[in-house]
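Same chain, two partners: chain A is paired with chain B first, then with chain C.
Entry: the complex of A and B
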């Protein structure tokens, strides 16, 4: 398996190489630092000339790429054009924990919500619950990440004006709306629908009764930007940090939950019709054992693959979320670097992103092979 | 599967007495259904698909004719009416120069819908041609196309889009379509290639070849039609994805230049400040709603197409 993994990575190396070359060319063409220097007001010609020589900006694209590549593979990711005090590598490594934190938290949350939803809607197919979660994932698919971010910011400002009561009100509203989707397909009276709608209405009524009594004094319950209020000495385990974390995590999680719960649903349905389950039932095993010990083990396998692949892409997909919420991660760094024409930093982040995709694609295959003994990697 | 639509006389003897005797063939004859009829019959039964199709039609017609009917221009300022709440004369409110937002959103819809449509067309064309070439010609062509596909698939899409869009001075409809299409053809190439590879070895293609069919005939009469289902579904879903991606890029300020064309994305690009200041909600909500509903409808249609074009699907329900 180790041999397989190494071989896979070796095959991917030329692809990464070609990719880095193409990206360097495009960035070189787009960034044009020399023209930017010329635009600095009051810059003298000899100063510009000195900076150009210092930073090697007069190189042609092939000299530039060759030099960058040589340094990059030796671990020197180059100087940053816009932030000269520290190199590109330092900039990126400093920002990395923020992105990793955002990814891991949203990932855990998504799995913990998506898997049970998917399994339950597969077990209770064509019930109101199934329809409601289907509707939810349709909307999740149709929602651009940045728009969800904007809407959540709107929600944050709304809760700033009206206090904590806004949260149960929204939950109640979602519960009531979830029962509306079942009207598409008229059902026999169902206890589930009645309870859901009832709880929803009670929540709405209670929150309206206490509207504005909790908070609502202009304090932001959910912070809309940044990672800490006091960036210098913020603690990872403070309430303040959680308040900052909530909205970006929800933004990332909603898309994942929408996709993964559907995936889990169809994976579970596949397993439910398997012969060995019929055997288990025929043996007289109680339904709980059949589902819990026989079905779920196999039903959860495919999710490993899709989650691993998505992690690879999430790494570079965090640009939007980090930009909307001013989260100081590498996505935001890439956005700024690209706009500033900072080739070395942008190349560093992009290559890191491409590397993550390659690695996690490999991890997806390996994990699946470990979990499923029928699969042999050759 | 019931196929009989021919009238069945209640009493064969009586029927035979009054009418000229029908031959066996006439009685049992079933009017054949064309592929279109079968497709349409299945599509029509897909409730969400019909909702999506009708909804898309409404949005498209509104985007085409709305701005023509509207008494306002895209950028006609009304300095007495800045950032006005939705009212009867301005159902979606007005913008920071007093522009009528309904007109702007509909005009932006023209651009966003075109982005989705044209991107899907271009990417589908690229994907189909490359896939057919790789699968049918094989050998060196196949290897190089497959490696190219791998290269594009291994790439993180959003960072590339950001970097590539920076190379343009100002981005309009044409540029964004080319950029988006360049980065979205790969999955289709893989599908069409795999299809062509397996179909190539099937008996009916071998028979065609044995009868002396030209390569072009095999390609366009046998391989292509058998991939139509996948191609159509891919194209439809790509419309939705492209609309979202364009909106995202435009929101980041890297997509369509607001000075050249309005799009749903760039209408939203400056709204973060307004939201954080807790004002002018209508400037965000209406373009946002249009994005979500359009994408939702496109996805409904895509799902319905997938079901309707699936050859393994059930053609008719028993009760029919």
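Entry: the complex of A and C
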């Protein structure tokens, strides 16, 4: 298996090389740092000329690419144009923990929510629960990330004005709306619908009764920007940090949950009609064992691949989410580098992402081979 | 037939709700099975064989399926009236089933040992260790070598024939009274299928189970069954001893089926006689006898009256207005006419 992994990685190296070349060409022609220098007010022509020579901005694309490739292979990934003190590698490594924290927390949350939703809606197909989660998936998947981010920020400001009561109020509202979506389909009345709607109304009523009693004194319950209130001394394990983490994590998780729960649902439905489940029932096993032992193991296999590949994408950062929430990760670094025409930094982030996608594609294959006894890698 | 058969099915009716309407998959089936006896159930695709078999275990997927009526008596106990918990104790314990395709009937991610021991742990309350020892024994019994080591293998590490042996071992684990084999050899090649049938007969002698073997292959019936039930459009149209059914078939469907098959002992150059038309829709069944549109000896009355299954000889039942002797004469006349035409 190790030999297989090494071989796979070696095969990918030329692809990464070609990819880096193409990306460099695109960035080289899209970004024009020289033009930005001209815009600096009061800059003298000879100073500009001096900076251009110092930074090597007058190089042709092939000189530039060759130089960048040398720096990249040696490990410092080239000097940043906009932040001369440090190399691109340092900038990226400094930002990476923030991105990884955000991405991994949201991935974990997504799995923990999406898999049970998908399995349960497959087992209870065409029930109100299934219709409600289907509706949620369509909305969650169709909603652009920046819009969801902005809506959550509006929610945060609303909570700033009215206190903690807005949270149960919103949950209640979602529950009531969820029952409404199920009423679009004609069906027998269900106790589940009644209970859900009832809980929703009680939550709304309770929160209205205590509206503004808890909080609502101008403090943000959910912080809308940054990673810590005090960036220099912030602790990973503080409430303040959780308050910062909540909204960007939700933003990223919603799309994942929407997609993965649908995926898990169809994978489970596939398994439910399998012959071996009929065999298991014919043995007289209780339904709990039939589902828990025979169905779920098979139904969860496909999700392994999806999740492993998505972890690879986590290393490229979430450009939109990090930008909306001012999250100091590599996604926003890439966004800033692209605006500044900082080719080395942009290339660094892109290549890190590309490499990790390659690695985690491989890990996805290896994980699948471990989980599914039928697959042997050669 | 003994006074109290082991398994007694009366007027079994199974319906499936589909977009196009109610499908009468099984429409009043009567079957009897004695201990140690092998009953062959024959019929073409869609005649209700498999649905009948699944009904015996109450494994009809519901919805859309539903057992709409009748009774299934096992040792005098009506299975259709049992609560789900008690029915589960029947499945795999008193009635076990072997499925058609051994490639898909086993869970691909569970080890064989686990799948073989499940019924033992579940029904007999054995410990894991006891069950494993018994599972190894069962594997030896069905002719799989090196059982102790192979218990930790996965299904894909076995060949098709080996997997069907494993399915048989799984089904026999609790020494069931009734073993239902749904097309057990259809997915296997000819030599392997002969071995599997032989194995089943050997084990039947040892375990004294009643076997219901479901097949569309008259050859399989001829070599294994004691009695035969021929199904057409969800009904049993003829039932009798295997010798009687092959030697003196009464229902036109049965002998048309036999005449459409090549025989090793047939005359050289004998021509096969196909059955015209195709099986009827089970949603809009033909009026009267469901076989009448394809029947070459139909009478006026066949379009309106559905004949009941009546005794035409000793232990020989048929559902046709034409009697056994008249049927034999008609069959001969048709065969002669066919030979002349050729």
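The rule is short, and it goes like this: the second predicted complex is superposed on the first by the 375 of 378 C-alpha atoms of A that agree within 3 Å, B and C clash if a C-alpha of one lies under 4 Å from a C-alpha of the other, contacts with A are read in each partner's own complex, and residues count from 1 in each chain.
In the analysis below, contacts are C-beta pairs under 8 Å (C-beta built on N, C-alpha and C of every residue); 3 or more make two chains touch, one makes a residue touch a chain.
Owing to the predicted nature of the structure, the values given are computational and were not obtained by experimental measurement.
*Asks:* Which holds for A:275: it touches chain B only (first), chain C only (second), both, or neither?
*Replies:* In the superposed model, A:275 contacts chain C only, not chain B.
*Asks:* Figure out whether A:146 sits in contact with chain B (first) or chain C (second), or with both, or with neither.
*Replies:* first
*Asks:* Which partner does A:298 reach: the first (chain B), the second (chain C), both, or neither?
*Replies:* A:298: touches chain C, not chain B.
*Asks:* Between chain B and chain C, whom does A:324 touch in the aligned arrangement: first, second, both, or neither?
*Replies:* Only chain B; A:324 stays clear of chain C.
*Asks:* Classify the contacts of A:12 with the two partner chains as first (chain B alone), second (chain C alone), both, or neither.
*Replies:* first
*Asks:* Check the residue A:286 against both partner chains and state whether it touches chain B (first), chain C (second), both, or neither.
*Replies:* second
*Asks:* Name the contact category of A:162: first (chain B only), second (chain C only), both, or neither.
*Replies:* A:162: touches no partner chain.
*Asks:* Counting residues of chain A touched by each partner, does chain B or chain C come out ahead?
*Replies:* Answer, by number of touched residues of chain A: B.
*Asks:* Between chain B (first) and chain C (second), which does A:256 come into contact with in this model arrangement: first, second, both, or neither?
*Replies:* neither
*Asks:* Write out the stretch or stretches of chain B touching chain A in their complex.
*Replies:* On the chain B side, the touching residues are 47, 147, 150-151, 154-160, 162-164, 166-167, 240, 244, 247-248, 251-252, 268, 271-272, 275-276, 278, 281, 284, 288, 291-293, 295-296, 299-300.
*Asks:* Which positions of chain A touch chain B when the two form their complex?
*Replies:* Residue positions touching the partner: 12, 15-16, 18-19, 23, 26-27, 29-31, 138-139, 141-147, 150-151, 153-154, 157-158, 160-161, 184, 224-225, 313, 315-317, 319-320, 323-324, 334-335, 338-339, 346, 349-350, 353-354, 357-358, 361.
*Asks:* For chain A, which residues are in contact with chain C within the complex?
*Replies:* Interface residues on the chain A side: 274-276, 278-286, 289, 293-294, 297-298, 301, 371-374.
*Asks:* Help me check something: in the complex, which residues belonging to chain C touch chain A?
*Replies:* That would be residues 57, 59, 88-93, 96-97, 99, 101, 104-110, 118-119, 122-123, 154, 156, 167, 170 of chain C.
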